[in-house]
Every structure is written in structure tokens, then in C-alpha cells.
Amino acid sequence: MAHKQFRFLGVVAAAMVLAVACGGTSGGGTPTKTFKIGLVTDIGGLNDKSFNHLADVGLEKAKAEFKIQADVKESKSGDDYVPNLTDFATKSYDLVIGVGFLMQEAVGTVSGTFPNVHFSIIDGAGTDAKGVDLKHSNVQSLFFKEQDAGAMVGVIAGWLEKNGKAKKNKHVVGAVGGISIPPVNHYIAGYKWAAKMEDPSVNVLVGYSNNFTDPAKCKGQAQTQIGQGADVIFQVAGGCGLGALQAAGQGGVYSVGVDADQKDADASVIASALKKVDVATYTAIKNVVNGQFQSGALTFSIANEGAGYAIDNFDPPAELKTELDKIQAQIKSGALTPPADIP
Amino acid sequence: MSDEQLAVDMRGITKQFPGVLANNHVDFSVRPGEIHALVGENGAGKSTLMNILYGLFPPDSGEIHINGKQAHIGGPRDAIALGIGMVHQHFMLIPVFSVGENIMLGREPVAGPDFYDHARARTAINELTKRYGLALNPDARMGDLPVGLQQRAEIVKVLYRGANILILDEPTGVLTPQETKELFVVLRDLVKSGKTIIFISHKLKEVLEISDRITVMRRGKVVGHLTTKQTNEEEIATMMVGREVLLRVDKKPATPGAVVMRVENISANTDRGVPALKGVSFELRQGEILGIAGVEGNGQSELMEVLAGTRQVTGGRVLLGDRDITTYDARTERGAGVAFIPEDRRGTGLVLSFSIAENSILGRERSPTFSWNEFVLKLVAIKEWARRLVKEFDIRTPSIEVAARNLSGGNQQKVIVAREMGSKPKVLLAAQPTRGVDIGAIEFIHRRIVQERDEGTAVLLVSAELDEVRSLSDRIAVMYEGRIVSIEPPDAAEERLGLLMTGGGAPREGAA
Amino acid sequence: MPPIVRRLAGGLAMPFGSVVFAFVVGALIVGVTGANPFSAYAGLICGGLGIGCTQGENPALEISNTIVFVIPLITTGVAVALPFRAGLFNIGAEGQLLAGSMACAAIGIKFNTLPSPILLPMVLLGGMAAGAVWAGIPGVLKAVVGAHEVVTTIMLNYVAQWLLRFLIIGGPLQLGPGTSKSLPIGDGARLATLLPADNSLIVLGLPSSVFRVHTGLLIALAAAALFAFLLWRTSFGYEIRAVGQSQKAARYAGVSVRRTIILTMLIAGAFSGLAGAIQIAGVDHNLTDKYFSDTTGFDAIAVALLGLGSAVGIVLASVLFGALHSGGAIMQSDAGISSNLVLVLQALILFSIAANFVGAIRRGLPIGRKPSALPPELPPAAGLMSEAATAPPETA
Amino acid sequence: MSGVEDIFRLLFTANLWQATLAAAVLLLLPALGGVISERSGVVNIAMEGMMLTGAFFAVVADLAWHNAWLATGVAVLAGALMATIHAVVSIQFRADQIVSGIAINIFAAGLTVFLVNRIYGIQDIGHVTPSESLPYINVGGLDQIPFVGKVLFQQNVVVYMALVLLVLVHVVLFRTRLGLRIRAVGEHPQAADTAGINVYLIRYSAVITSGLLSGLAGAFLAIGVSNTFVPNMTDGRGYIALAAMIFGKWTPVGAFIACVIFGLGEAIYDNNSIIHVSPYLLSMLPYILTLVVLAGLVGRSTPPAADGLPYVPGSE
């Protein structure tokens, strides 16, 4: 599909951009100008304990390092996306960042109106109403291969099951999703794929809480999966998923965090699948400050360390470490490609 | 006058409500062990004065002495502590609670930490009811009791709180004559056992029968202190109204014409589904006033509602001329020429927040006179109509835009009367047309009813005031327990009517 | 003072006072948490009304954005105010709006090839019908068994929410796997914007396509006018008000209370449904997940109350709430104050109106030109115990 | 049809009922609050906001003082404070109680997030350590009883508290002097007033109690179940509790049964990783059930006679 093709192009573009960035980071002339950067969250808001928050973290980091004016608008409802993006655009911001794939259409519209303003969108592209990328030359998509991150934690889960190192070892692991939408399913796809690869007998339970904000809902999902024998629970539900981590801790099984390093959320968190939205945001800003804005897709994956994993409250056996390094290298090299859709 | 002798001594009580000076330097005193009647028209300030005594409102000025000591009554709790008890006109009873719970409320016997003690409650009530001869079942559900027993429960409630001074606000308004008699027996017994009773009423006969002394109020002021034995109905009435009252309505003999409305053996239920009408039949002729006498609650209200189209029949039929209008609703009834003055002026006759103009078309808003295609209102026509009614019926108001709420009771009633008569009906149903309005308005409304009759309208009148029925009617139908027990001539003796109303006496021929 | 001025002043005092109260308390909250309330409000006013902007905002754009928010508020405000007049509390405007947007999208997608003169009325009427059904259920339940409309409408709000999710996530209207929105509606189902959606046409210094004000504005204003006409100039409006003020008196006058309740709710639902349809036809052009978080129907309650249930009041209150909504984002980016402050202000306005409102009624003060916005006899909640709760007895 | 079979099998698992009870308690506490408030004659749809406020302040306090009980106390007080606003506005100022309730809910949603922003900024509000959260307690001995042990005796401490409160509220409402007075005030405030009962005091206490209970539910949600605060984390529970209260005909036991039914729906829904029931239909179920009850198809639900009516002393 066109989508996949586009993805591929994105990877190439990203590699190029990074190559350039690595080549001469500070060679961008004399940045005496104060750059104006606007960030528009989706309805999750800054305290979503997920990607909106991480985008803000990246913005703050950039603010500390560059001479920029960083302004944030939280969208209270979907009706706010267009006016919020437009406001920054009319005020000639140097970069307007939209967070989340819910904003795709809005970014598509506003970027068309303001061809001279640079836009970045996290987890999406500037699309028309049918979800087709308009490929505006002033829009940069910041994509993530969540499946890469999902695969790495999937390796951990599968390896533990295969080697009898988990808590129950019934060859059952679980994933608790928020809503069945692409960013969520990419994670789960990689997770399931890798767990099966490590332990072909593993049963991967996938449930959806239909919610991103209520931890109790995800806790219930996780408890059910634990009741079904799952002893590694992967949360892919933002703030709601924090409940799943709690369920694991309480149920005496392992859990895996998502997006950010969720080590502190619960002692049961053995690892986190990282989607470095903060790095992506920071990178996008840095590129603009350095006069290196480039349209098209910038994809963050294991290959460019924009996605990955963290080992948290857990001391992995050497064998597992070896396995992780091996798989990571294979994904990096392209020898292994975690699927984007749940197998 | 020495203070020690007085059970209640209220001095210079003034209470101002928005727009009304309800009590204007009122002095009111009651001797211990007497039954003291407080009389006056509605709105004279009786209830306000008693509510102040019971602590429901603070007075703006004035002082209260109870048993010779100055008292500050900040709320009912204080009043109860001072031995004052009040039986309200609208009972303060909770239908879903038991009799016992209702009586105990506020002074509940407690076992353990805070448990309501049913056993002790029962004992206490039984003791009280025995002492005062007021039989009551403490375990019955209050809502299931007849009104008379509910009132009894109210009295027991007050006695249970140790009241020595009992205030009874219009206690007989809801009672049958039999129940009233029983109440009076109870009151006399209470006085014998040392209680003091304040009896609020505007029924002068009862006041003369039961009280020892009388205080008369008019427009927020006390206008007279009387000793019952030394006065009579006329004197009190004149004091109440401030002028001499025409007790008779001036009217020519009726000239009845053709039968307009024929009611054939109708039956209907109350809201609760209990039979209220058990086969009522009569005929109503052009140019006559048929009065319906009866103790309230014997089916009169339901009869009027059936005829007005707001209550369904369970049997029988109603004919207007040749048309069967049994199943007509209120709107079609009106369209057919049946006008209705409902008994509850504020509740059903008017929309209080509507202006006079708006109220003047209530029920006729879809008539061609007031709207195009039954939909778009003819505002100009409505205003003209309202102005005409205001003039013709002498409604005292600064403008037709004034909300009905802001009119006096009499003027409110006139708005209804004007609206209903103004449509030139064939049949006029008048339920309690003068209840609670001032004497001036009563006279006016009586005159207009007679005038309607003289213009050929058939009038059906229901009133709880036997005097009103007797003075207006050309024929009197007496209702008892959902039946018309007799149709009497207008000059039938009051005693005979009273007997018929309470289920005694033999019907005259022609009654159903 | 001439009476008309006095009445006008009396009518404005309460809503104006409520807004002032909210802003004062809001300023305290902002101040206590260590931020500058003045810069917060400056941002709010700039973003809402385009006045006093300091960061290069285009006033016309801010006004335009506010108007886009105002449009559905007016229509849903009417949908709340009309039942208020009948003594009914429609908390379900949100659910009815969702029903309208779902129907509009469904029709606009299904018949996307039809030309505008046919399709546009179809989607708008379809939305109205769906909203009417959604409000009709509580209407019928209230009229027939006395079920309290506050509770039933709240329940139906949730049912609509879940139905929406069903439709666009995995359901029949889903755009494609993994999306949470529908296909776009046909071009013929769209409401035109007042200015052409043209990126190259520069109006007031900006491409004209940023001015998103659409013809739905005219429909909304027409709805407000229709509401006023219906209420004050027709026998049906008279009956609605009679039922709202005194069900008994209305019944004695021959007004069918049941019929009036049901019809009132149907009409109110149609207004809400229209608001949903207008949003789809005029702004979004497809059904998206943004409706999961829509609060227009709840804001409408505040709008109806603040507007004292009158058409002009509703329009003015809608402008205020639209401006608050629109201004919140500017406040956040200009002054760094969380736009959640707007919710706090809205709540404070509500407290203040509610408290003053009934207080004023109880004290018997006339409010505004007409007797009162809410039935002064009983607050709407009193329906919990009113005669209607036990199903009004009615003659055939 | 295997979905139906699966659900049937599920009904015999202790896990399901354990989850049901936990979910039910999150609804039961606000529902009990609602029962008390409305029995005293004050309509309360503000449980959602009180609960959310409680949740927020529980986390703030626990993060500050590292003591779950102290934090619970703060949450309960925060809920009560919101309830006090509702009480003042609707009792003292005789505001429309529904409008006031809506305002509380909006106020809580806005204020909590506003404060998170102001207090924690970019750090965001953190996580509560499980050892400093409200503990899950297995009741020694009893928790080993097959089935019942798991369902009833392996729960969070708040679940036990809630069950005790359920009994307490029932006994207080229907067996004590205080309960008689609360009900009297809700049925006929004039009668209560003339009997010397302080109507305002009772109503204030009842509304504030509903805030205490909702605040406790918020604490349970935040520092018992979730160990953090997420904006709008109550997710409509206050409204479902309202439905449960009506479903239960304004009685504590009835409300509890309704909460269990709703909790069961939630628990069954939680199994969507193993059985494939339509999540949307299941989520609609509590609301549709409540509509059915309100439609009188499952017996009438009649509120206290004076529910929602402000009391004006001396009025009739």
C-alpha cells in the first residue's frame, strides 16, 4: 500500500537527516534569532502520562539548549486542533508541532493554508479527510516504529516464558491496549511477534480497555489476564495502563511499561518499551534551529535509537541480555522486521 | 392586667413581608385554660401571628411573654420547649412514615447508641391516647389514615411534646361535621385537663360554639377582643370585614328554560382509584343555578372534573343538548360551551407567573379568536380581550401585564371568573367560586353568577359553604358518598340539609 | 429610569454579576497558585474577542474562531432552554447532538453522490430527526411513566457515546482498519463557509480559508429566532410555558401535558441534532473521535441558564462561552496558564447563576422582560416529586 | 454463540467475582453518598466531581507525606469540601441542585488539571509507591475458603470499609433516630422543622457525608487501585453511581445490588482478551438497564418526596 511505501521513504529520509545532523551539528551558522516553537497537544493534554507529556519534555529540553520561545496549547476538544495550529501559524512560528495522530487532518488542512510555516506531527502525517497524506512540503511527520520497541519487550516476555524464568511459566503473556488504533496495535504487533518467536508455545492475550485515562479499567483487564495465567503484562494504554502495572505488582507477576521509562510506576515493571517522543520533538526543533527542516517522514526506530527499550526493576540473566542484543542488532540491520499489524 | 395570669402575651408584634404588612403592632393575649378563637378573613394575618408564636418566623418587632416570662422564640424547638404546640392547617405529617414515627419525630425514644425504640414509642403513644381518649394505631401507615385520624395524630404529636398551649390552625376545614363534633369533644377534654387552646378559624358558627374568648384581626391589625358569650355572628362578621355584610344575595326568581345538560348515572374514581362517584344523575336547565351541597370529599370535586373534561368516567354518560360529551377533554368541553371555574384558584385556575393577559386565554389559546390556524397567537386581540375583561369585571390591577401572582386573591378569582364567563358559555361550572376571597369580591362574584343565570346560562355551583349554596341556588342537590341523595328547594331548612349531607334524612322524590 | 431600562438593567444584572463573580474568584485561584491573573485574562480576551492582543494575533481570526464555537452553542442552548420552559431539564443535549452528528454523517456518506440541494437538507433533517428520537425517548418516559428526564437523558448521553465508538471503531462507518473516524461526507452535504476556502485569497492579512465561519451561523441564528417565535408567538409555545409553570392549570385548561412534554422534547432534540449535523456539515465533514470529548451539550446548559432562557440571552451567552473556549488556548500559549482555567470559570458562572437564579425567583423578583426563565413554582429538579412523577392522569 | 457460553463459564470463576466486587465498591461509595444526600432531600449528581477531587488530593498528599491514611484523610476532606460548596449553593442559596451538581463536576475536572499544571509543571504528578498506598489485605484464615475467600477476603482495605459502611448506612437510615430524621427531612422538611429538627443541619450533614464517601472512593481509585492521578480518571463513575442509586430505589442495599450488577458488567468486559463480546454493547448495558428500570419495567423507583426542593422555613 501507499502507506507502506511512504514509510519506506521515510526511513531513508530519516537516515539522511540524521547523517547530516551527525555530520555537523553546530555548523548551522549563527543562531542569534529567537526561534518560536509552538506545541499543540491532543485532547489527552500535558498530563496524559504518555506522548503529549513526552513531547512537552522534549520541548523543554530544547528550550534549555537553544534560544527559543516555546509555547504550548492544550486542546480541550477536537474542535481546537485547527484553531490552535492556525494561531501559531498566523503568528509566524518557526515550527508548529502537533502531537498525536488524531491531529492528522488538522495538520493537513492548516499546513496547506500556511505553506511557509513548518509543521511537525507526531505519529501522523498531514492528511485529507480520507487519511491520505497530502505530502505538503512544509510538513514533517515524526513516525515511530512502535513495533520495534514492542518486539524488544516481546523478546523479554517470550524468553522468560521459554526458559521458565517468569513467575508462573504457563506460557501466557498479556497486553492491555487502550483503544484499537494504529500506534497501540504497532506495539502489540511487535510484542506478540517477538514473544512467539522466542517461545512458539506462548499464548499472547490482547485486551482493550477502551480508555486512556482510567487506571481502574486497565487494572481490571490486567487482572483478568493474570487470572488466565499471564505473568508478563505489557501496558499500551497511556494513563489507563498504569493500572495494569499496578495489577501486575499486586498479582506478583512482571509488567512492562510503555512510551517512557515507567520504572517508578511500580516495582513489577521489568522493562519499558520506549517511544522517544521527547527525542523526536527535540530533534525536530533542533533541525529547525539549525535550518535543516526537511519535509516528509522522519521515522524513529531502533535503527536510529528513536525507539527501544529500557530494563527496569529487573536484573536480566546474561543469556537474555545476549538474546536482546542479538535481536536488536538484527532489527537494526534489517535482518528482522517486526510487523506493524498484529499477526 | 397582671402578666402571671396570661398563658400567652404577644405585644406590639410587627411583621413585614415584601409588599405586605402582615402584622401591624398586634397585641394578642390568651388566658390559661381557655379556648381562644383567632378569627379574620384570609390574609388578615392570623397565620403569620401564630407562625411567629411558634417560632417559624421572627417578628420584626414586638415581644412575646409565655406564662408571664419574656420569651425569645428562635425556632420551633424553642416553642416546643416553652410548651407551645401547633397543629397546622396543612398537616405536617409524612405519609410514608408510621403513625408512631410521625408522632415521635423530633423527640424519638432511643435505645442503645441511637436506635429508634419502637417498643417505647408504642407504649408512649398508647399512654397518651388512653389519657386523652384519642384512639390511634401507632403502627398504621400515616398515608392510609382518613383525614380525621391524621388530625388526631397531629394533636397527639403536639401533646407528646408536652404542649400546654395548643395552636390549631383552621382545624375544621377538612373535617366532616361528625369529625368536627368529635374534635370539639376532644378540645373540651383537653381544656379540662389544663391545656390552653388557640383556635384559628373563619367559620363563625364554630367559633361561637367552641371558644371562650375571641380576637378578631383585619388587614394585619387586631380590631377587637370579644367574649364569646356576649357577641354574635353579625358582630364578628362586621368586625372582620369592616362594614356590614350582606348575608343574602339579591336576585329575582329563576325562569328555567330547556334542559341543557343531562347527566346520566355517571361514576368515576379518585386519583387513587377509589370510587368517588357512584351513579350520579341530574338535569341542568337554562337560566337556573343548581347548587350542590355536601361535606367536602363526597364526590363534588370529581363530579365537576368529570363535567369539565379533566377526569374520566368509569360509567354513565353526559349529554350537552343532544351531544354525548362524556369523553370530551377539557379543550373540547370548552369548545362545546362548558366553562369551568375550578376550585383551586392558584393551583388549577391560573398560571400564577403568567400575566393577566396570558391567563385570560388559558384554555382558549387555540380558538380562532386568539390564534391563526390554532397556532400563531393574535397578540393584539388577546390584549384587547384582556383589557375588556379587566374593565368589565372590575379587576384591580395597574396593567394587564401584571403577573397573576401579584394580584390579591379576590382579583385572581375575578380573572378566572371573567375568563370563564366572558366566553358566553352554555353551562357554567363553578366550584367554590368564592373560597378565600374578600367579602367585596364575594359579593361581586355572586352578583355575576346570578347575572349569568339571568342571561340564560345554566349554572352548576359547588360550594363547601352551605350558606352560599342556599343563597345562590334555585335548586339544591345534596351529595353524600358519591351520590346525590336528594334535590331540595332553595328554602330547605338548614337542619334538613345538614342531616342529608351527613347521610341522614329521607330523600325527596325525584332524587337519584 | 424608564421602566424598560429598569427591566433591562434588572435582567442584565444577574448574568453580568455572575460573570464578574466567576472572573473575580477565578483571578483569586490563579493568583493563589502564583500566576498573574491579568495576563491570563488578557490572553482570554484576546483569544475570545480579538481585543487587546499583544502577540501578533489577528483579531478577525480570533473572532472567526469564536463564532465557529458559538454556532453549536446557540442551537444546543435553545435545545436546553425550550424544555426549561416546559419545566424539563434536558441534560441530554450532548447525546442528542451526537445522535444528530451520527445520522448526518451516515446519510452524508451513504448518499455522497447526491447534489447539494437534495443532500444538504437530507443530512440536516436526518440529524434533526435523530436528535428528536434521542430526546423523544426521555420525553415519552417522562410523559408516560414519569421517569425523571434528568436521569434518562444522562443515561442516553452515555448510550450515544458508546454508539459513536461502535460506529467509527470497527463499526459500519469506520474509514478503515485502525482508524477512529468515518469516511468524509459527500461534497453535496457540506455547508459553505462565508468566505471561500481559498488559500490564495488574502482577507484581512490572512488566507481566507482560515476564516471558518460557515452558513451554519445563519441556521443557528434562525433557530434562535424560531425558538423565540415558537415560545412567545404561538399557542404551542404558550402551552409549553403553561405546562412548565403549572402542569395542573395547563391540564385543567385542556392542554395535554403528556403531548406537550413529548413534543417539547422532540423539538429540543431536533435542535440539538441540528447542532450535531451542522458541525459535521459545516466544520468536520466526517465523524471523528473528537466527538468522544465533545462538551457542547453540557456547555449549553450554562448557556441556557446564563441566557435566562431567552433567545437574545442565549446568543449572548453562547458568544461568552465560545469566547472562553476560544480564548483558553491563546491564554495558555500567551500567558502560560493552563486552559483548564476556562472550565473553572464556567463552573463558577454556573454556581453563581444557579444560586442567584432561584434566590431571585424565591424573592419574587421579576427577571427580565418575561416573568422568569425557569419555572418559578418549582426548580426543574422538583419534577422528581411533582405530579408528573406519578404520570399525570389524563382524560381521553 | 460461544461468547454466551464463555460468559457462562466465566460466571463460575472466583476471579470474576473478585473483580466484580472491587469494581462495585468504586461505585458503591459514591452511590451510598448519593442515597444519604437524596434521602435528606438534596439531589446530588456531583459525586463524579467530589470523587475526582478526592482522587487528586489523595495523590498530592500521599506524594507529600508518604502516608496512605493521611492521604485518604485529605481526600475525604477534599470530597467533603466540594460537597460543602454544593450544600451552601443548593441549601443556603436554594440554587437548582442539578445545576449546582453539574457545576461541581465541571469545577473538579478543570481545577484538578489546572492544579496539576501549576503544582507539578513539566514533572507531572508522580507515582505513589505501592507500600505507601492503601493496602490489599488478605483476611487471615478466611481468605483460604474456596471461592468465597478469594471474592470476599482478598480485597483492598477500602472494600472492607465500604462493606462496613454499607451496613452502617443501612442501619443508620432505617434503624436509628438520625436516620428517621434524615428521611423525615427528605420527605417533608416542614414537618421536620415544626417537629424541632434542624433541617439545614441535617441536609448539610447529609450532603457533606456524601462528599466524604465520594472522597473515599476517589482515594481508593487513586492510591488504592491506580497509585497515581490521571486527569479525568473517574471516567463517569459518579454518574454510574447515580444510576445505581436510582436503580436501587434510593436504598443502600438496592444501590449495592445495582453496583454489583454494573461491576459484573465491567468485570465481564475485562475479559475481552479471551472472550469476544462487543465492548460497546457491554459498556452501554448499565445505562440501558437503568433506563429500563426507570421505564417502570422492573418496578417503580420513587424518590423521596422532597428530593430536589430547597427548603424555605415557614413556607407551605
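Should a chain be cited, it is by its letter among A, B, C and D, assigned in written order, with residues numbered from 1 in that chain.
The rule we apply is simple: a residue touches a chain if its C-beta (ideal position, glycine included) is under 8 Å from a C-beta of that chain, and two chains touch if they have at least 3 such contacts.
The structure displayed is predicted, hence computed values, not measured ones.
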Just the chain pair, please, that has the highest number of C-beta contacts. C-D
Can you compute the centre-to-centre distance for chain A and chain B, using the mean CA position of each chain? Integer Å is fine. 76
Between chain C and chain D, the Cα-mean centres are separated in Å by 29
Chain A and chain D, separation of their C-alpha mean positions in angstrom: 35
When centres are defined as mean Cα positions, the distance from chain B to chain C in whole Å is 45
Going through chain A residue by residue, note those that touch at least 2 other chains and give them in order. 45-46, 210
If I count partner chains per residue in chain C, which residues reach a count of at least 2? 165, 338, 340, 342-343
Name the touching chain pairs, would you? A-C, A-D, B-C, B-D, C-D
The answer for chain A against chain C in the complex is residues 38, 43, 45-46, 71-84, 86-88, 90-92, 102, 105, 112-115, 128-131, 179-182, 185, 210
State the interface residues of chain D toward chain B in the complex, per the touch definition above. 172, 175-181, 183-184, 187-188, 190-198, 305, 313-314, 316
In the complex, chain D touches chain C at residues 43, 45, 85, 89-90, 93-100, 102-104, 106-107, 109-111, 113-115, 117-119, 236, 239, 242-243, 246, 278, 280-281, 283-284, 287-288, 290-291, 294-296, 300, 302-310, 312
State the interface residues of chain C toward chain B in the complex, per the touch definition above. 233-236, 238-239, 241-242, 245-246, 248-256, 363-364, 366, 371-372, 375-377, 393-396
Flag every residue of chain B that touches chain D in the complex, lowest number first. 51, 54, 56-57, 75-77, 80, 86, 88, 90-97, 101-102, 104-108, 110, 113-116, 157, 161
